[in-house]
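Note that the chains take the letters A, B, C and D in the order they are written out, and that residue 1 is the start of every chain.
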Amino acid sequence: MLQIRDLTKRFGGVLACDDVSLDIMVGELHAIIGPNGAGKSTLIGQLAGEIRPDTGRILFNGRDVTHLPTHRRSTLGLARSFQITSLFLDFTVLDNVALAVQAHAGHSFHFWRSARREAELRKPARAALARVGLESRADVICANLSHGEHRQLEIAIALATTPHMLMLDEPMAGMGPEECARMIALLGELKGKQTILLIEHDMDAVFRLADRITVLVDGRIVACGTPDEIRADAGVRQAYLGSHKARHNG
Amino acid sequence: MHDEVILLFEQCLNGLQFGLLLFLLAAGLTLVFGIMDFVNLAHGSFYMLGAYFAATFAALTQSFVLSAVLALAATLAVGMAAEVIAIRKLYGRDHLDHVLGTFGLILFFNELVRLIWGPAGMNLALPPYLSTSIEILPDVYYPAYRLAVIMVALVVAFFLYIVVMRTRVGMLIRAGASNREMVSALGINIRLLYTFVFGVGAALAALAGLIQAPILTVQIGMGENILIVALVVIIIGGIGSIRGAFIAAIFVGLVDTVGRAFLPEFFRLVMTPAAASALAPALSSMLIYLLMAAVLVLRPQGFFPADGR
Amino acid sequence: MRKSVVAISALIACLGVPALAQQKSVKIGFISTFSGPPAVIGNDMRNSFELALDHLGRKVGGLPVEVIYEDDQQKPEVGKQKTDKLIESDHVDFIVGYIWSNVLLASLKPAIDSKTIMISSNAGPSQIAGELCSPYFFSTSWQNDQTPAAIGLYMNQKGVKSAYLVGPNYAAGKDMMAGVKATFKGKIVGEEYTRWPDQLDFSAELSKGRAAKPDAMFVFYPGAAGVQFLNQYVQAGLKNQIPLYTAFTIDETTLPRQGENALGIPGAQEWVNDLPNDANKKFVADYKAKHKASPSFYGAQSYDAALLVNSAVAAVKGDVARKADMIKAMEKADFASVRGSFRYGNNHFPIQNFYLQDVVKGPDGMPVLKTVATIVKDDQDVFHDKCTMK
Amino acid sequence: MSAFFTVRSLVIGALLVFLALLPVYVATTGQFFPLTLFTRIIILALAATSLNLILGYGGMVSFGHAAYLGLGGYVVGILAKEGITSGFAQWPLVLAVCALFALVVGALCLRTRGVYFIMITLAFAQMIYYVAVGLDRYGGDDGLTIYRRSQFAGLIDLSGKVQFYYLCLALLLAAIWLVSRLVNSRFGMVIRGSRSNERRMRAIGFPVFRYQLTGFVIAGMMCGLAGALLANHTDFISPAAMHWTRSGDLIVMIVLGGIGSLFGPLIGAVMLLVLEEGLSRLTEYWQIVVGPLLLFVVVYAHGGIDGVLASLRHA
């Protein structure tokens, strides 16, 4: 599904992404973990098209998307959620998702019919909301939602674009225990139906859901394999501990 | 041929003088913009107030220099008062609110001046020692006043550069430009710094205003058109950068003055003198805006990205 | 007995009233510039117009007069807006004033369309003397080109061979340049226009003037611009190098601020403060008494405008609705003008003499304008044949 | 139903009835000045409505929108001077010229964001201002008088004050209705979405630039039409109509009336110009009130009058 070939990105002195190569298989839930500042957000930024890599190539379904603008990648089926919630706060929840449906329902140069009354937009939007359990909040203004609901809405919006691959940037960030549980259940449902790239700190969620895990430290891949391999891998543990030491004198 | 060279030389001096004047106006604007991220359209009003104060004090004290100093002090006070009463409420709002709020201030200051000084406008007579012309080159006469303006502006530019670059206050100002929250977190009374910087910005605009007073008449709304040119200068120079403002101001000053002086000759070949001299100044003004549009499209941060210097 | 006298006089009074009932007072709109530097000119015009009304006993053609003053801020669009207001909201019978040709040109159409009689007491653009002339338009000043044309003749008399012309780039500026070029026999070595009204920095033009080395320089800069130009002309050391000839640049409103700079610089004028006729003596004396300053030609022309309105309303005995008759009466111009008698051309522009004025030291040492000679008699503008009126 | 009879819709309804019946009042009293005043208010409300489409709904703060007022006026003025006075030729050309100018300017401006967008739109408007000043043949600084209004072969006589008033009112209401359709359409949702969160719009797959540019062009054409009406109304056009303070006035109208609301521009236009006319009779210094009032609205009442009316729903 997604081939990343020796991606490199340097911000001044900091080498945020150092010659990363990675393949994501169709239908798998691939998790990426690593300490803060390991370059996870830079990686997803380059995949989404918001950050332009210095060198390297990204192939999505065999097509080179390295320099494609963000909106083109989304229409090709590459959806993402944001680490810091980024929604249409002055729109209703349903409008938020309907916009995502509209983005993938042909061009928007329709000037006359009211978009809010177009069933072909509203029905799929309600379906996406149902999948994340927000259908009861459809007509609430987005700003009035709780933080957890915002995170769920991020997923719903990403799903509404009927993506081939879903990139989730720390969906569990800032969530309470029962909200985490509900999110894990949701991701469990999506597993298998969708190729998912999950970036997350919540270890037990990662190890319970992920088919394969990649560990990123200081912009480099230190390990990649099944949850059991990673759990047993000495390098990973050392890298996690070592990276703390490395950073002090870095 | 000799005359042509003299003419060009005189025009370049005029361009330099206009450029330095623009710098004084732009410096205040870019400081306020760079540090407080605040778009201040009322900056032109302080330019006008400086001219009015200078003309009033000159009538009272008969001394050009004394009236200039008093005018700067008065405008500094007005600037600080405006910051405390109105500007302070607009921090943190988006730029549309800044533009609108200060647009309201322009209307207010114009009417206030009309109320106090009346509609007729004033003019600032030059003292005798400044109103002659000096032979700077063999039989080339250049008005003494314009030379004085160039000297004063250079001194102020140098002084400003030193303050911003070398002193503690300067360091605070530059820090404020790059990271506002950090400076306030360090316990520095950021509110006082803003009031002071805004006041200094107003004083700089007043200096530009009172310098132009003897050349142009002092009247209501005199600051509105030159404000736009100053905004163009700080965009080209890079918002928040004093060095950028200086270089861009000189460049814009030369382009405008030389264009206004020599384009008519060029157009005279193809059209009547009247049409030529209507088109020439219009084109030289347009040149400046074309330049800014090009900068904005190619390098949205301007030539010298805002790093406070 | 006394009661009956009172009753009878009351009866007569109310009898008399119906005759005039339909026109209680004559409403006049006066548009000039009362803000910014040119306010000096506007005030001179207002003072002279008011003085004329005082001399007429605050009555025009026997009717009380109501004057509404409006400020055009020296902007054509504002002048037009105020003209519209005077016509549609105040329903004035006459509109008087207009310093600037561009403001007058912008305000002409609404007045002519609404058949409101318009009297320009200063601006005289060539277009209105020619193709845009109208029965409802009268001028008590001159057509722009006439005065500079007179200066052109005077420069020929002085044997000037080459001239460098400088002026503002608006309707009147172009007329003035055309006027000098029409009569001046010598070579024009340079013709520079400056942005109007905000450009008051003439350094570029003065440098070019010096470089062109002409026999003389001609300049047209009314009001504050004239003060600025003269200051910078002297500052640039040109005073003794190149003689200067002017039109509408040195007058009683600017002389106080021009001072010595203006000494020895000639200008042409259709009205001068020392004209020997009685009307002028009374006008100048009363003006000086009331305002401690001498009136300018702007004021004199506004004074005449008031007398012209009076002659019109008197001719129709107060019934201002009879516009055609008023126009016929105005065409006769039978009132004691401060510039002595003058006739109207077919385009309602005056046919009058032009005098040469020089600036000399007055008895109290202050510079004063003095008439030196009459350049041309009964001069008519060159555009009157383009006007379709009889 | 109760939502329909809110205070806001009652006030707007009353305003529209007043505007519709104004000519009747004028005919009875013979006082024509209010008609001239309100014709100008309606035309400027049309211009403000066009700006509100991109500024209020689209978040594109164009500080040079008066350029289209001037462009529309000058196309009519220049054609009239060259002898072409048929409205059927002039007005389509006005729309074409404004569309072209908006396309070029929009394509360049929409590459920038925030204060740079404000400055670059201002720059292009100043450029058109100086082009007009430089057009010596068409009067330059002195302006250009239009001796014959746009002719529509007897269909509508623009010099008839009442007919012209109703034409302007009809065009304004049509514009407001068009905007109401536009902003709720798919196109409108993209424009409003880009105002709310442009980064998210891109992430979900919207090529935002082309929609914003389309909005820019539509607003430019609508304002050009207002410019043509203004030129016909005042029989005169001068560069001053495009001065940057005129663009400022348009923004003030929107903010005073209620930014991003359908009738905000109309309310703002009526308020500002009636204030201007009324106060200027009381005191020559009327602007001393408008300045601080604007500051007050910006700082405290961000929704403008429309916002205040809306909040009165519970009253």
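One rule holds for everything that comes next: a residue touches a chain if its C-beta (ideal position, glycine included) is under 8 Å from a C-beta of that chain, and two chains touch if they have at least 3 such contacts.
Predicted model, so just to flag it, every value in this text is computed and none were measured.
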Taking contact as defined at the start, I'd like the list of chains shared as neighbours by chain B and chain C.
D
Mind naming the chain pair that shares the most C-beta pairs in contact?
B-D
Would you mind checking which chain's C-alpha centre is most distant from the centre of chain C?
A
Find the geometric centre of each of chain B and chain D from their Cα atoms only, then give the gap between the two centres in Å, rounded to an integer.
32
Could you state the distance in Å from the CA-based centre of chain C to that of chain D?
39
Approximately how many whole Å separate the CA-defined centres of chain A and chain C?
79
Distance-wise, how many Å sit between the C-alpha centres of chain A and chain B, to the nearest whole number?
50
Where chain C touches two or more other chains at once, the residues are 169, 195
In chain B, the residues touching two or more other chains are 114, 274, 278, 281
Each pair of chains that touches is included here, namely A-D, B-C, B-D, C-D
If we count contacts the way the header does, which residues on chain B are in touch with chain D in the complex?
39, 86, 89-90, 93, 95-97, 99-101, 103-112, 114-115, 224, 228, 231-232, 235, 239, 272, 274-275, 278-279, 281-283, 285-286, 289-290, 292-293, 296-297, 300
Contact footprint of chain D on chain A as seen in their complex:
48, 50, 69-72, 74-75, 79-80, 82, 86-91, 95, 98-100, 102-104, 108-116, 118, 121, 157, 160-161
In their shared complex, chain A is touched by residues of chain D numbered 181-182, 184-190, 192-193, 196-197, 199-208, 211, 214
Applying the document's contact rule, which stretches of chain C touch chain D when the two form their complex?
75-77, 80-81, 84-85, 88-89, 101-102, 105-106, 108-110, 169-171, 195-196
In the complex, chain D touches chain C at residues 31-33, 36, 139-143, 145, 147, 234-236, 238, 240-241
